[in-house]
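What follows is a pair of complexes built around chain A, which joins chain B in one and chain C in the other.
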Partner chain A sequence: MTALGGIRNRGLKGRPMAKLLVVDDDRNQGQLYKIDLEDDGHEVTLAASGPEGLESLKKSRPDLIVLDISMPGMDGIETLGKILAQDRTLPVILNTAYSNYKNNFMTWSADGYVVKSGDTTELKNKIREVLKARGIVS
Partner chain B sequence: MSDSDVKVPRLLLIENDDSTAEGESQALKDGGFEIVRARDIAEAMRLVGDGQPRFDLTLANLDSIGQTALDFCRSIKDDPALNWMPVMFSTRNVTKDTVEKVFEAGADEFVGWPSQPAEILIRAKALLRKGQEERWLVERARKLAEKIAERDDELDDLRRFAQDIVSSLSSILLVVDSAQTILFANAPFLSAAHAERRNVVGHKLNEHFDLAAADGNPAGNLMRAIEYALASGQPSRLRRLNKLLRAHPERMTDVTVTAIDFGGMRQVLMVVEDVTEQAIAEAEVGQERAKLHDVVNAMNAALCLIDRDCKIHWQNRTFGLWFGDAFGQPGLQAFLNQMRNDTEWTEQVFGRGTVMHREWTVFTPTGQRAHYSNIIARIKSVGVELPQALVLTQDVTEQETRVEQLSLLRELSQILQGTLDSERLYHVILLCVTTGHALGFNRAFLFIRNRATGTLDAQMAVGPASREDAFKIWSELSAQGRGLHDLLRDLTQLPKKESMPLFPLIRNLRYSLDDSSEIVVRTALEKKEQVVTDSAHDPRVTPRFRQTFGSAEFVSVPLIVKGAVVGAILADNLYSGRGIKDEHVKLMTLFASQAALAIENAETYADLQKSLERLRQAQNQLVQGEKLATVGKMAAHVAHEIRNPLSTIGGFAKTILRRPDNLERVKKSAAIIGEETTRLENLLKGVMDFSRPSAPVLKQGDFNAVVEKAFRTQVDFLAARGIQSHLDLDRSIPEIHFDENQMMQILHNLIRNAADSMRQGGALGLKTGRTDDHVCLAISDTGTGIPSEILDRLFDPFFTTKPDGTGLGLAVSKKIIEDHGGKIEVQSTVGKGTTFTISFPPAPPAHAQPAHASSTVLIPLGVAPVRAG
Partner chain C sequence: MANQLLKDTLTIVLSGGQGERLYPLTKDRAKPAVPFGGMYRIIDFTLSNCLNSECMNVYILTQYKSFSLDRHIILGWSGLFNNPEMNQFIHILPPQQRTGTSWYLGTADAIYQNIYNLEREKPKRVLILAGDHIYKMNYAKMIEYHVERNADLTIACVNVHKSEANQLGIAVVNDENRIVGFQEKPKRDPATIPGQPDQCFASMGIYVFSTEELVRRISYDARQESAHDFGKNVIPAMVNDGARVFAYPFKDENKKEVAYWRDVGTMDAYFDANMDLTRITPLFNLYDDSWPVRTYRENYPPAKFVFSEQGPEGQVRRGQALDSVISPGVIVSGGTVIRSVLSPQVRVNSYSTVEDCILMEGVSIGRRARVRRCIMDKGAQIPEGMTIGFDANEDRKRFAVSAGGVVIVPKDVCL
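After this line comes the complex of A and B, so read on.
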């Protein structure tokens, strides 16, 4: 980590680390992620449902998608499928309260699977990991 | 006393000369004669006339009358009616010539003229007397002749009569003399002998008859009969003589020989009758009768003739065999007792002539049972005063036994198939083998194959343990007339096998299926019945076996089902010593197949029971599992529901801590924390409501009142949402029992739901009413409606279509309604609206407890959210 990265990590405004799209039907959860991830220096767009997320995708391409699974209507898995259908290279991290979806092979096409908690550290680390792996951040 | 004695004699004087006549008649007159004078012959003829005896005497003067007087005399003498009358001539010329002429003419006297008057008188009187005598004689002769003529007529009649009889006889009639010469033969004989009378009459008897023809009796031939008749005058009869008639030796005859007196001599009258046809008929009848007799006696049925009092008048041989000798008196007694006891038949048979059919069972002293079928019919007895009936008795024991065997088999199979408890089944099987007349073995033992140990295990033994017991049981059975059916019917409880008399014999008895020296094993291995008649010398019987069972004669049959052996039955007649017949073995084998099936059934049933039990357990586990799964699901839901708010609260709390100086952020975060907390509280409340056994506090009241109250509470809220609402209360609804708070809760829930479906406004209606004795409430909206796939899940706990819904509202409402004994239903059309209908019964449920305990799951709160999976 360079000082620059650290500065970046401290969330200097105007220089986001990555553009993130967070899809979660729980408004307050979404807010939480937004605040925390913005603290990390990311630019966060919120979508409250699968279709909303897909719409947002069309408008601007994020670097990474954080996707909740248990959403009414189009759930995370279906959304994941549609996202990848649109853009196979998009990194997606599944962020859900349930751990059992790990057994669902559909989730294997995601880059990460994080079980929700109040402590967003795991999520943030995973995001950094995936971004680094993809070469979006160093 | 002749007339002429009394009468004055009359004299006819034929004189034409008066003086002479005077002279002649004077003396006569003096002598008492009456004189009638005829002058000439013509007059005389006239006077004599018709032959009537008018005159006693005639005196004629030859001289004066002349020749004609002689003629006249002749004519009188020729007339048989008059020739008795004496004629006297008088003449002056008494010459040899005239005397000759006078006497030649038949005169009786002459007198010369003149003569002394006394001389004429004497001569006249003498003549008179002579004439009278002659007349009397003639008269008498005439009378005799008449009589004779009469007799002749009679004789003629008799003769004709006899001839008629004789000729009308079809039998041959002969009269034969002591020299056996035929004196008379009637027409039938002539035609039979093909002879003419002249060849018969006067001919010897033996020309036409074989006198030696005999009737079998040594003294009975024709010759002897004839001799006997002649000697004794007594008749005799020869019967059925062969070849008597030489002309027809083929005919058979009966001969009656009698003696008759004919013409002062003893003669023989023979009557010969042709009895050929008769004899043939008799012979035929005799044959038939003999045949019938043979049949009647050879018949394998007893026949007897009895009267109303059951006295036997006649019986055939078989009857004697069955009821006389073979049975001895008891047999006959038993038979007669049956006849007498069964009194119904006498009236039917004798009175009404009905043919009766009766069946009886008789027990012999040896315990054998004989079954008889009787047909009783009245017969017309001729010449006997008492009416009689014919009883035909057939021994149907065998058929009866067979029928019983078959029906027993049928009943047995029913009993067997109906018995599924193994021990009871074994017992029944062996009972069938030992009881009853069908199989009737003394003892029976049942071996069942034990697949685990590869052995035949003795499972059951039925029978008496000793001879004494055996007799006791038989006499009981016999006396009661009970058979297997009765026994099984009465057996509600069979004794335990350990308590059975023969149990000690079979305790722990088992044969390894490898040990083929044992006959029971062999039976199973070869799948074939074994009959042993002499166990002491039979190589198939081991000493051990002999010791165990001790019977000289026994049979062992395998129990086979679908080609596999399930066991074997061993049976013997140890006590009765009755031989084991082929038919018993056959019956046993038939029965064994039934028994094997039944055993198989019972085992299958037992297996089925086990499987069923296992299934039930599995089902229980499944249900439990499902319950747990539900719990798990619910727990997962709850955990999820809790997790999100918690992580949000935690997250924002951390956020605050990271930048506590950022007031904006702090305020925002705090607000969100508050929101999520509230959310958690709501969830908690909902869950608690659902899981806590909240028994409603029911009070009788007016449901309309609470509906109105709820309505009033919501009316502003609804108005703010742009929802028109109206209330339609049916005032005639009866009072019901309800918990007001809970009612308010569900009404709140339903109204809010309805409002949520009408974000753009709409109409909401609350309507109360009654159907039968139930009170109903309909809440209808004009909202978006509910798709059918969601309708099914509408009342599921934690099911929600709302982003911030708990999914418990309707679940709790349903629970509350069900606790009140009511029900809730929903109807919806997408795009049009939804109607929820609640109905309550008039009386509260018996126990105001949670309706479905299983749907109430106490979720352990306070435990960390479980990671479902």
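After this line comes the complex of A and C, so read on.
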């Protein structure tokens, strides 16, 4: 059994388990996502900026990326382009406090668009839905 | 009304194809930049259609060997389109690599890589054209047709006899011209147009998309294993999903009995389309003031024909051109030109004969040379007394020869 398999086995019964990369410039919020998503059985890596996220991709390929849009410097839309330039098949969910980016054509390449709210239920559901649609979990 | 429809439409001309089958004419230039008809480049026909249709918001997507194409557009077309006050423009866009590290992978990928520009312009619809076909068409009529039908996608289709269907992409339509299927180069029993049992609708690669539908479809396709091609991937998926896809019957502005649309994708097709222009009544009319074909032209002196000595044929110097298309700056000095298309600054010297040839800019035919059924690229210098086009075996030793036996003399060649 590999280390990865070991981690995957830690998940709760019937829940999806995957390696996630969460890119968000708000470190506290990132930590909250980490706790919540690990609670859901996922393995979570955090990155606090677009370049940091891209750097992380070079080291290991996650099953899915949760990407904030409004970040200082390289924003999530530019980061999305660069992620797809590296690997077009990598699933990405945009997770933002703003709904108006939905009209931006560049965001339509993402697998999902979640507007941040007090709890992470919608994000968790969207992650499950995308992992399932992509055949990463059954 | 029509004017507003056009203002809300962005035109994208795909000009990045390699044109491999036209090699060596495409050795140093993209296919849309290949000279045609003496004075023109192939892309001039599409851009003239844009101008005559008043489609004034144009992007040209280029990639390989784009220098001479860029130069031609900047010198010849920028002034006709660019008008910032009216938001009219012609912009050349090489691959931006915002969403990929590759050049354009296919026609759909070419648009996908420029999604940023669609976002900037936010047009209601996008007219997608190929920069390498010869035809006359009013795109405004097609755009109206698209809007009237509330279509997601409208594809211009040309009528072809069913015997030609095996070379083309054939649209299967119902009696309202809605496309319900596609046949790619069908070997037998191609789908015919309802009510026209011997005619098929062949796709011309001209599309009007509603922008949101376009972006949604290409964004999805970009994430799939795919050739990222409209004809192979995106459009069949749309038809399968029940999207509103319509065929627009090509209305030719050429005003001839048979609709004229040529891909000029092969050397022989290119040769024939040029030779057509030398006929008394060509299929393709360059002389119709109501649908002018424009180009970039340098300032040349008038064409000139000199020596008219009297005496028996072959023994006296006569400079003449018969059944031919001759550009400014040409000097026919004591030689004979028959059924040929000559670009500017060609020189034909004494006692030489040129028959059934395309001579591009700056070609020189030496004294007593005899050339027949040749395409001579720019600057080729044919030495005194040389013969080309009379001995197929000899020609093959020195030059590329098309399937139809046309000899291609490459650019700036020294013989």
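Worth a mention:
The working rule: the second predicted complex is superposed on the first by the 123 of 138 C-alpha atoms of A that agree within 3 Å, B and C clash if a C-alpha of one lies under 4 Å from a C-alpha of the other, contacts with A are read in each partner's own complex, and residues count from 1 in each chain.
Keep in mind that, in the parts below, a residue touches a chain if its C-beta (ideal position, glycine included) is under 8 Å from a C-beta of that chain, and two chains touch if they have at least 3 such contacts.
Because the structure is predicted, anything quoted here is derived from the model rather than measured.
Following the overlay on chain A, a side-by-side fit with no clash is recorded for the pair chain B and chain C.
Once the two complexes are laid over each other on the shared chain, residue contacts for A:P72 go to chain B alone; chain C is not touched. Contacts of A:S109 after superposition: chain C is touched, whereas chain B is not reached. After superposition on the shared chain, chain A has more residues touched by B, the comparison being chain B against chain C. When the shared chain is aligned, chain C comes close enough to touch A:A85, but chain B does not. Superposing the two structures on chain A brings chain B to within 16 Å of chain C, judged by their nearest Cα atoms. Overlap of the chain B and chain C contact sets on chain A: empty, with no shared residue.
Contacts from chain C toward chain A in the complex involve residues 97-101, 115-116, 118-119, 215-216, 219, 222-223. Every residue of chain A that touches chain B in the complex is listed here, in rising order: 25-26, 28-29, 31-33, 35-36, 39, 70, 72, 97-100, 103, 115-120. Those residues of chain B lying in contact with chain A across their complex are 636, 639-640, 643-655, 658-659, 665, 668-669, 672, 675-676, 801, 803, 867-869. Here chain A touches chain C in the complex through residues 81, 84-86, 88-89, 104-106, 108-109, 111, going by the rule given at the top.
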